[in-house]
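Both complexes below contain chain A, partnered by chain B and then by chain C.
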Partner chain A sequence: MTAVDEIKIGGMGASRRRVEDNRFIRGKGNYVDDIVLPGMLHMEILRSPLAHARIKSIDASKAWAMPGVRLVLTGETMAARNLAWMPTLSYDTQAVLATDKVRFQGQEVACVIADDPYIAKDACEAIVVDYEPLPVIVNPTQSLAEGAPLIRDDKENQSNNVVYDWEVGDKDGTDRVFDQADVISKIDLHYPRSHPAPIECCGSIADFNRATSKLTVYMTTQAPHIIRAAVALVAELPEQMIRIISPDIGGGFGNKVPVYPGYVASILASILLERPVKWIEDRTGNLISTGFARDIYLHGELALRKDGRILGVRMKATADHGAFFSDAQPSKFKIGLMHSAFACYDIPNAHLEARGVYTNKAPGGVAYRCSFRVTEAMFFQERMVQAAADDLGMDQAEFRRINFVRDDDFPHRTPWGFLTDSGQYGKCLDVGLEAIGYEEFLKEKEEAAKRGRLLGIGISTMTEPLGAGNSREYDILGIKMFDSAELKIHMTGKALLRTGAKTQGQGHETTWAQIVAHELGLPAEDILVEEGDTDTAPFGMGTYASRSTPVAGAAVAMVSRKIRAKARKIAAHLLEISEEDVEWELGRFYVRSQPDRGVTIQECAMAAYSNMPDGMEPGLENVAYYDPPNLTWPFACYIVTVEVDPETGVWDVLRLVAVDDCGVRINPMIVEGQIMGGLTEAYAMANMQFITFDEHGNCIGSNFTDYLLPTAWETPGIELHEVETPCPHHPIGAKGIGECAAVGGPAAFVNAVMDALKGTGVRNIDMPVFPDRVYEALQTGQDVSGAPPVRTDET
Partner chain B sequence: MIKLRFASPEMLVDINEIPDLGYHRIDADGSVHVGALCRHADLERSSLLATRQPTMAAAAPLVADPIVRNRGTLVGSLCHADPQGDWASVMVSLDGLVVAQGPRGRRTIAVKELVHGPFQTTLAYDEVVVEAIAPAPKGAPAGGYLKLERRVGDFATVGVAVSVDRTGDEVTRAGIGLTGVGGSTISADDAAQLLVGGPLTSDAIGEAAALAAQAAQPRTDHRGSASYKRHLVSVFTSRILTGLIRSQEEAA
Partner chain C sequence: MLIKHDFEVPVDVDKVWEFCQNIPQVAACLPGASLTDEIAPDQYTGNVGIRLGPVQMQFAGQAAVTERDHANRTIVVDASGADEKGRGQAALGLTARLVPTATGTRVEVEQDLQLSGAAAQYGRGMISDVSAVMMRDFATNMQTRIDAYDRGVSPDQIQTKSAGGFGIAIAAAWIALKRVGRRFFLPYEPNRI
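Right, the complex of A and B next:
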């Protein structure tokens, strides 16, 4: 007998087909809206049409009178139960249902619970709200202006619209290197407001059972245990009587981390009515009220030496958080991990100032497929790098290369205090340049320019911090960011694995089983993976920020090793030898001196229930809680070539090359899918997506006609390449990958267009790089900056 | 419309089961007839249009997205009277007609007369359009359709349909329809008229493109500024017409 073949059993490195797809492609997924409970009622939300207005009165009498209406909730009802306001995950407060005034268009004003959703919707329209309009603030400039109306007059000690001021780095030291610089490269950038826009919107079914006192909530959440804790604290219910079930989720992308008023209202409604209450958000509700992403302005400066070395970085960021500061992010970092910018470059001095402001826009600033503002950080970094290379008149690839942290310089302390631990940055860049044919393209570009054609090449290289915690630095509302896995090996050698993460399309049901297969030699198909039910799953912080594999995935490896350690004792007992004489190979223990004498892991499992050694606890089950020593640091290099049509401003992607180093790949097919998905979103951000507001605070981007999701028809083809630098501290050497392409991708597209326009006097066009903005820049020779304005007609 | 709560009709009539309306055919005189249930996808894959009605053939693959093209119809698009509709511009450029049928029998309406505002037609409440017609060309038909959309299936930022019939070098009939640059589909009559009676020259094309741009009534919105859209009308008109010269030269 020999060890099992790891690829054959679906272990590490196998591109195993996703087991969850068996139900998804048959239409047999079980999403919140698929769940029907006996006696279930339906809830709809009445939203504010105005962005800023005082509520003078609410008359719901007509709604109450409609047949089939069971309950109308208003701010008054909520306030009577001390639930009109709730805490956010960022130590702010957020209105559940408005009592005093509305602060953004789409804010929740009232809820109707009725026998069916159509009655509830009609009844919402029958509620009469008398608003007194107030001046509206839609951007940071207005928000910070002298005499600006105070948005958060509900808060004591809030005398202006500033949410926070935060800084990190050495200001004086950085100022000194700027004084010594040969060249200072400056640029102003805006990362426009976008939205994660998962295909499934948010929703919940709250089911309070008076007889058992148990509250069960089925909901679209990426972090069910955090929700359980939040409900226990806010609703003052005993935590053991709260069960949060996150069933199949149709995409999260960060949108399903926060607590939304709809969840809270459905819970209160179920408690009051003692019947299940379902709330299913519609698309417009999702786009105009739930956690948006980005909306940050940046002034960036690089101090440069003539030979191309970066001496220092200054970044000044202003984040527009909307009406409530409701980011889900590690508590101590007010602007997320913005200070992870420039981590792949060896820069001695850096200073970052960040200011958050309130505006009359939907609340949030959630991490859309990113680790807490890392997308903005890396976009700003790579736009600043390209501008600096151009300012120096230096080749953009060479400029990156001479500033990279070298392979032999790890662990490396970044100027803002992160510790990067591994990478081969120069090699990744070389692989990318070779794949795209860099030198040949530069020649082609020069030739094309002679015939009036505009070709451009854009590069984006970055390492990003994925997998919060460690728990020393990362917590949400004081809850440390670790994660967990529980493994139960049944007597027949089959297994049940549960983790504290929550898959939303990432494929945990497939990949977690592969890690167990790698550690124990059990075929992956023998392992059932379950997540998302707080009554059965071990406590964990959920899935976002690419933390599943770095944290919960590590816990899966660790719990498997605990199981293996016990199985080894059982094997020694079965083989009648001492434990020191037992050797392990995949799937099997054997006698060191007699390799053909052994027992399989399955035989050990049976023995754990039928023939355990004297004094040993029966069973083969265990749980592991994993607190990683550091973040993981994947690296990526994305290269895009484009052709710009000078007559229309339209730009077409010619080629798109991706080189990703995410350490050891558990399931290469799923990793590649993540990269392709991320680059598709990156292309959309660069090319078409934004949510903007007119001067009255009306949201432009409230449906999929105005807020565009890319389709296969316009998304460019993607050429994938790989470099592997294992993570030195992760038990199986893996790093996060879910977000890299969405984080690093946008700058590659914008840099390519800007490269095509080099020499025209245009240094920047802010995203989305619409054809009309490119055309305008070409016509005027000027930058086109800021949020896409909703222009009034020219006269 | 119903989903957006803009319309809440008391009754909906499904016309899908009406027999014999799924056709499209070209008669001996070259006129194209499209039945009310002929899907966009049928026109997209039509070998008849590809050889004999180039303006329609150019537009068919650009209508909406592949899913909509499998379900939607040319006649439905005309009757929806959305100023962003692609087929309306194409039919305007072809001097197209629709056949309406009601209790009082059948009547023919020019597509230019069918629409009197956004989403509003001159059809009586008890009439349905059963057929659209592109009349027989006055010479060899040529033409094209160009559209800028932010994403496949998005409403057009700008669309331009150009149709030119020629005998030898001489343009015998021309039509230009503009998508998405006004409250309804615009027929750029002055621009089209300028082309008739002589050969296509680069001077004539330049003038026609400028006149087409003048005919546009675009509004500034999140798809682009009015001046940008006007500029695109000119560029697209010019590109289609220049393409016709080039293909004529290649054929010669």
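Right, the complex of A and C next:
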């Protein structure tokens, strides 16, 4: 008898089909809106049509009088219960229902709870709100202007619209290298507001049972345990009486991390009415009021030596947070991990200044498929790098190569304090250049230029910090960023695994089983994975920031090892030898001196319940909590070639090459799916996705006619390549991968278009790089900014 | 948002100016609009119904003539209103100037339109195109009414078009298409609507 074949049992490295897809493709998923409870009522939210206005009065009498209406909640009702405002994850406050004034278009003003959603919607329209319009602020320049109206007049000691000023790095040292620089490359950039727009909008069903005092909430959350803790702390309900269930989730992308007023209102309504209350958000509600992403401005400078070495970096970032500072990010750093920029380059001096401002726009800056401002950091980094290479007249690939952290230079401390631990940056770049045919393309580009054709090549190389914590530096409201896994091996050798993470499309039900298979040799199909119910799952911090595999995935490996350690004792007992003489191969313990004499892991499981050694606790179950020693640092190189039509400004992607090093791959098929998904979103951000505002604060991009999502039709083909540098501290050598392509991708597309426009005097076109912006840049020879308010012809 | 249009009616400028003094008559020319009450001299309450793609909205509000310049034949009207279902608000500053031409009168209309809520969210790309169609209908209606007025027909007997529906959608789409087409043949102007 020999070890089981790991690929055959669906272990590590197997491109195992996703088990969850079986129910999704049959329409048998169980989303919040699929759940129907007896006696359930429906809630609808009335939103503000104005971006900034004082509420003079709210008359809900007509709504109350409508048949089927059970309850109308306004700011006044909430204030009477001290619930008009709630704390945000960033230590600010956010209105649940507006009391004094509305601060962005789409803000929640009132809720109606009725027998069906149609009555609730009609009743919302019957509520008369008398608004007194106030001047509107839609960008940081307006926000910081002398005499600008104060948005947060609710806050004591708030005399302007500044949320924070924050800095990191060595200012004096950086100033000194800038004084010594041969060339200083400067660029101004805006990463526009975007929205994750998951296919399923947000929603909840709150079910308070007066008889048992138990509150059960089904909700679209990426982090159910954090919600339970928040409800316990904010609403002062006993934590054992709160059960948060996150059923199937139709995509999160960061949008489902924050706590939204709809959740809070539905919980209060259920407590008041003692009946289940369902709230399901519509698409416009999702786009105009829930967590947006990005919206950050940068002035960036690089100090350069003539030979191409970067001596220092200066970044001055201004973040537009909207009406409330409710970023969903767990670090102690005000601007998230913006200072992870340039981590893949060996730069001795750096300084970053960041300022956050309030505007009359939706709050809730979320990390849309990234780790808290990492997307902006890497976009700015790679746009600055390309501009610097151009300023030096150097080849952009060579410029990157000479500034990379070398393979023998790890662990490497970045000037802003991060510790990178592994990577083969030069090799990844080489694989990418080889795949795209770099030299040949440059020749082709030159030939094409002679005939008036505009070809361009854009490169984006980056390493990013994924998988918060460690718990020393990362917490949410003081709760440390560890994660957990609980594994129960039944006597028949089948198993149940639960983790504190929550899948929203990442495929945990498939890959977690593969990690257990890798550690124990149980076939992956014998392992059921469950997540998202706080009454059953061990406490964990949820899924975002690509932290599932780095943290919860590690916990799965660690709990499997605990199980194996106990099984080894049982094996020694069954084999009647001492534990030291027991050897392990996948799926089986054997006698060192007699390899054909052994017991399988399944036989050990049966013995754990039927024939355990004297003095041993029965059962084969355990739980592990994992606090990673560091973030994981995957590396990626994306290369895009484009052709720009000078007569229309339309640009087409010719080829798109991706080289990803995410360490050891658990399920290569799922990894590739993540990369393709990320690049699709990167392309969308560069090309079409656009949430902006006019001068009155109207949200432009409130529906899928204006906010464009890419389909298979416009998404370019993707060529995937792989380099593997195992993570030195992760139990199975894996690194995060969910976000790399969405983080690193956008700069590659923009760099490609800007490369095609090289020589025209145009240095930057803000995303989305719409054809009319390219056309305008070509006609005027000037940069095109995309900051709101939007021009009237730009829709 | 500033929207400018002009149109010609083959009617003498003095006659058009005289017609313009009768605000309820002028309002009746605007598709979908109706005045409900005159609350003071030159101050009215009224409704405007409009359909922007999927959204049908009914604005109720007030309009006031804030300036009447007989010498330059210019009239300024300020109007504001809110959708009856709370989905948006609109404020409009309208300036109309009459210019005599060889064949009649050119009416130059400048609209400074501020929208909020659903009208602004859904309709943004269509507003100026829809507005152009409405102005075209407004011109036709105005001509019909001036003719009728001349003949002594009672205004109540005059049928004029209402706003919205398929006609406006088709006409607005055609204008949008033409705008795209123009880009290929005319010199580039970033702010051309």
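As a working rule, the second predicted complex is superposed on the first by the 787 of 795 C-alpha atoms of A that agree within 3 Å, B and C clash if a C-alpha of one lies under 4 Å from a C-alpha of the other, contacts with A are read in each partner's own complex, and residues count from 1 in each chain.
The working rule: a contact is a pair of C-beta atoms (placed from the backbone, for glycine too) under 8 Å apart; a residue touches a chain by one contact, two chains touch by 3 or more.
Please read all numbers here as calculations on a predicted model, not as lab measurements.
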First (chain B), second (chain C), both or neither touched by A:698: second
Touched partner set for A:714, first chain B, second chain C, both or neither: first
Partner chain in contact with A:688 - chain B first, chain C second, else both or neither: first
Partner chain(s) touched by A:650 [first = chain B, second = chain C, both, neither]: first
First, second, both or neither for A:128, with chain B first and chain C second: second
Which of chain B and chain C A:706 touches, first, second, both or neither: both
Contacts of A:775 with chain B and chain C, given as first, second, both or neither: both
Superposed model, chain A: greater residue contact from chain B or chain C: C
Common ground on chain A, meaning residues reached by chain C in one complex and by chain B in the other: 647-648, 700, 705-706, 775-776, 791-793
Parts of chain C lying in touch with chain A, wherever the complex brings them together: 1-2, 53, 83, 85-89, 114-118, 120-122, 124-125, 128, 183-184, 188, 190-193
Residue ranges of chain B in contact with chain A within the complex: 65-66, 148, 150-155, 157, 219-228, 231-232, 235
Of chain A, residues touching chain B in the complex: 647-650, 687-688, 692, 700, 705-706, 708-711, 713-714, 770-772, 775-776, 788, 790-794
Partner chain C, residues of chain A touching it in the complex: 46, 49-51, 105, 124-125, 127-129, 131, 133, 284, 288, 647-648, 694, 696-700, 702-703, 705-706, 775-776, 779-780, 791-793, 795
